[in-house]
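Each chain carries a letter (A, B, C and D) given by its place in the written order, and its residues are counted from 1.
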């Protein structure tokens, strides 16, 4: 089957490669000419414009957008629409907010095209192990694209599914990432407690490996953690500074909108915010209060 | 190798069976005569008293205690000591608080015996998949017992390890369970958000299965969750009531003692406490305050 | 000075009365004819339509809107605009989201009118003790309205202020309510811990009164709590069910948007959400997981 | 009435002064000779040993201990016991853990003396405004000491009370401090959100003062905060580093022991722990995980 891919970054490029290995034909575009050249070199077809990409696909076309969430998605859709024909399908495989997805679906559909959302998990390991795909949108285009999903997924019958109407794919991916935040924070706290118990002199790398088999916390995240600790057991050079990519905070505000209490996912986000607050204002406010009522010594910076 | 096991509950019995299948000889005791009879019936030896158990093991003996944490452990040790000989080893495989373990180790050692702690994870699946074993204690008895650990573990080289001096095994197991609390809460919150998003009509069972392959949250816990949802997709008959077994709260207080901030593990425990508070007093206090300052309608029960 | 008030509920009516007692003239409208009649009876003027209200005020008019946040504010503005003259001022004294306020300010101003936002705190006690007023908007109308603010506030120089441009008043009121959530939850938790310590048989009402003088936690909220406990020391008839009015959740999402970690205000909101979740789905998900890995007894409902 | 005071620090000295102003006679001891000299200079009697202190009091004696919680209390009691006579009373006015208080009460009582616990709040402001006193212990000595409590308290009938048996006073004070942690954190978060909202350019000092009158959050803590911001509106020289004195963490662990969920008090403590974690290990663990699964750039320190 043919697939256009716009956006050949870490994720997009590897997906093209996985599709090629499964016998599909990918036409890819990226502003980065090295990426398109490399795509051609690996046996797919890299092109230098969206026009060229559209031209090189037979109808009904399927074009996968793998660009940063937000304006780039809208801009790409705007570029595509004049070039497309009725029945063509755009798939947004990025981390878009599901509300934008639902809006885009309606706008694109009004013009006679299909719009499918696909939450894509798997990171840099997806090429080898397959991507987990959470798909939302209308039945017809999703069914038509089944061979693509089967090739990208870990297997034809596993790790992917059509989870609901437009937006459902990105909604489920958003929640997936919220859970991921919570799991990461839980593991990180546990390792932090262990490293602080100095008299026991625990070897975190050893423990991570032990837990990989037979324990209740065994997980892919733990496998990766064990591997990372093998290379850097003392966390040298890592900064205590954690970004958040949008999906965590969307999960938190969505939970509030739905009147669902989600303290652990929320706290995981809050701790990421905290990691980036320098000379924490809240703590300094508490310091000034303590000084005011107790005459407590205020530690000067 | 020979091993005595005291306590043939869900865990102890299955461990005996796994050892037998690996070619070891188990002598087991439990107050429950059905359990000891069943042990004999399966090819190990069930006995009717601690005395008999000790008598049936050749020296240096290794006796694994698998009884509820707390007084039962001390009582079992007290029963064993007069019957044991120098060089014999007691292994506490239960969920003991590591501080009690360190005290017991010192007391037992003063009498010439060995005391090893083994945090044991794996639940009802351990018989088939092996147990994750986190072992603390002196080098000599741990090394001597290696064949036992290798047989109980998922494999001879995986899922087990000697993590440190006395108490280290139970300490690491305690933290393991703290992490487990956090992971469970993170998953549960995510599924809760998804079920509340009614317009998308998401199928939680389908999503759990999708995530099993390729996703970042793939884990044994998710595998089990998917299996459980297969059988009961609507959580029928389950009560919103969650016990906690001790290790979660020990992790939380240990973190505080170590001056380590662990909000997610802590909040996971707090939510379990909350699940068991009926007619929540805190919420009613807030109700009375709202009524007092705002004349807000107080919802009567 | 003259002031029109639209919305004569608990807050609006009492504000009219406080203004009257300070020598101002209030013209008030409400859909509830009992309220307008009562307003006239108390010496102000109650009218039966927005038109009548506008007609009874001399220019430049000042019209205070005290209606539920959201659409009612927009609808009231839409009704007023055709009747107003350049230089007239609308004051939104309700709990509007500051983003809506900023939008309304710009829209209203484009038509030649002024729009002032006034966060108003004080609840049912405001009539007697004065209202805390956090005012946002352009300098000119705020200065012109100073006599009104001085009369509503606890005193001419206390408890009110022009805190910034349009939206600032509602922003500060929003944060005020967020803090209020945190304080209430802190007190409620403390009282909850004390009532649970059964062997000490503590008298919460006595303790609330002790703390009113000399303690670090003395506060108006505590005064009200002590008074409420006098009347209902056992929280009889109160339900463990706490609504939230919007400002708490806005504070939480605003904090996230600003990348500020605010765990306590956030958790206070989350606990209110939790209080309204019946047959908690999250807890039942944890139950099903515990059953799956540990064979733990699942408490049936 | 006569009172011995051991420990003439910030709290003890001011209490002696407040008692003197109310017509009582204080005999005070401290290792710091400046403090005892100053006590004599202000009209009370400073002495140079515990022996001298006991000798200068007529029976039945009342001796108030105002020393750091922990061993110093036990050491002071041990010094006093050989010098005391049946019917004498020790009052522990410090921040002792209530469990130690109950133990001490029983030990002291077995020797024929009384032991009263008095949780004391008010900080450096107590001299002028009176102390909030939460008293635990046997009825007889508490009643006998009533004039002392009435003089220390804000008034004879306010701000103090006998709240229960031995330990109750320190228990209630412990919870008081837990609530105080929550209130401080709630205020600090609110101010932090406001300072981060740069386009509004809010003046935190002005807002603190506005809220002092008429608002729901008005409180002594806010009064102090407003005063402190007057002197240092930009928090210059304050470090984002907050100690905790014991009572907060005791409240948290007590809540857990009582199976009471207290997320806000707990989180307030956790944030203090967090403020003191340098090069946060948990955040660095999350960084290493993100790098492992996503190839996310790891920010190097």
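Throughout what follows, a contact is a pair of C-beta atoms (placed from the backbone, for glycine too) under 8 Å apart; a residue touches a chain by one contact, two chains touch by 3 or more.
Protein identities per chain, from UniProt: A, B, C, D = 6-phosphogluconate dehydrogenase.
Keep in mind it's a predicted model, so treat the numbers as computed, not measured.
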* Asked: Of all the other chains, whose mean CA position lies farthest from chain B?
  -> C
* Once you count every C-beta pair in contact for both, which comes out on top, A-B or A-D? -> A-B
* Indicate the whole-number Å distance between the mean C-alpha point of chain A and the mean C-alpha point of chain D. => 48
* Asked: With chain centres defined as C-alpha means, what is the inter-centre distance between chain B and chain D in Å?
  -> 39
* Using mean C-alpha positions as chain centres, tell me how far chain A is from chain B in Å, no decimals. => 33
* Structure fact -> Among chain C residues, those touching two or more other chains are 123, 185, 187, 189, 192, 196, 216, 220-221, 255, 259-260, 262-263, 267, 270-271, 274, 281-282, 293
* Structure fact -> Touching chain D in the complex, chain B uses residues 216, 249, 252-253, 255-256, 259-263, 266-267, 269-271, 273-274, 276-277, 281-282, 293
* **Residues of chain C touching chain D in the complex** => 121-123, 126, 129-134, 153-155, 158-161, 163-165, 167-168, 171-172, 175-183, 185-187, 189-190, 192-194, 196-197, 200-203, 206-207, 209-222, 251, 254-255, 258-260, 262-265, 267-268, 270-271
* To do: Would you tell me which residues of chain A are touching chain D in their complex?
  => 10, 123-125, 184-185, 187-189, 191-192, 195-196, 220-221, 224-225, 227-229, 232, 235, 237-243, 263, 271-272, 274-275, 279-296, 298-301
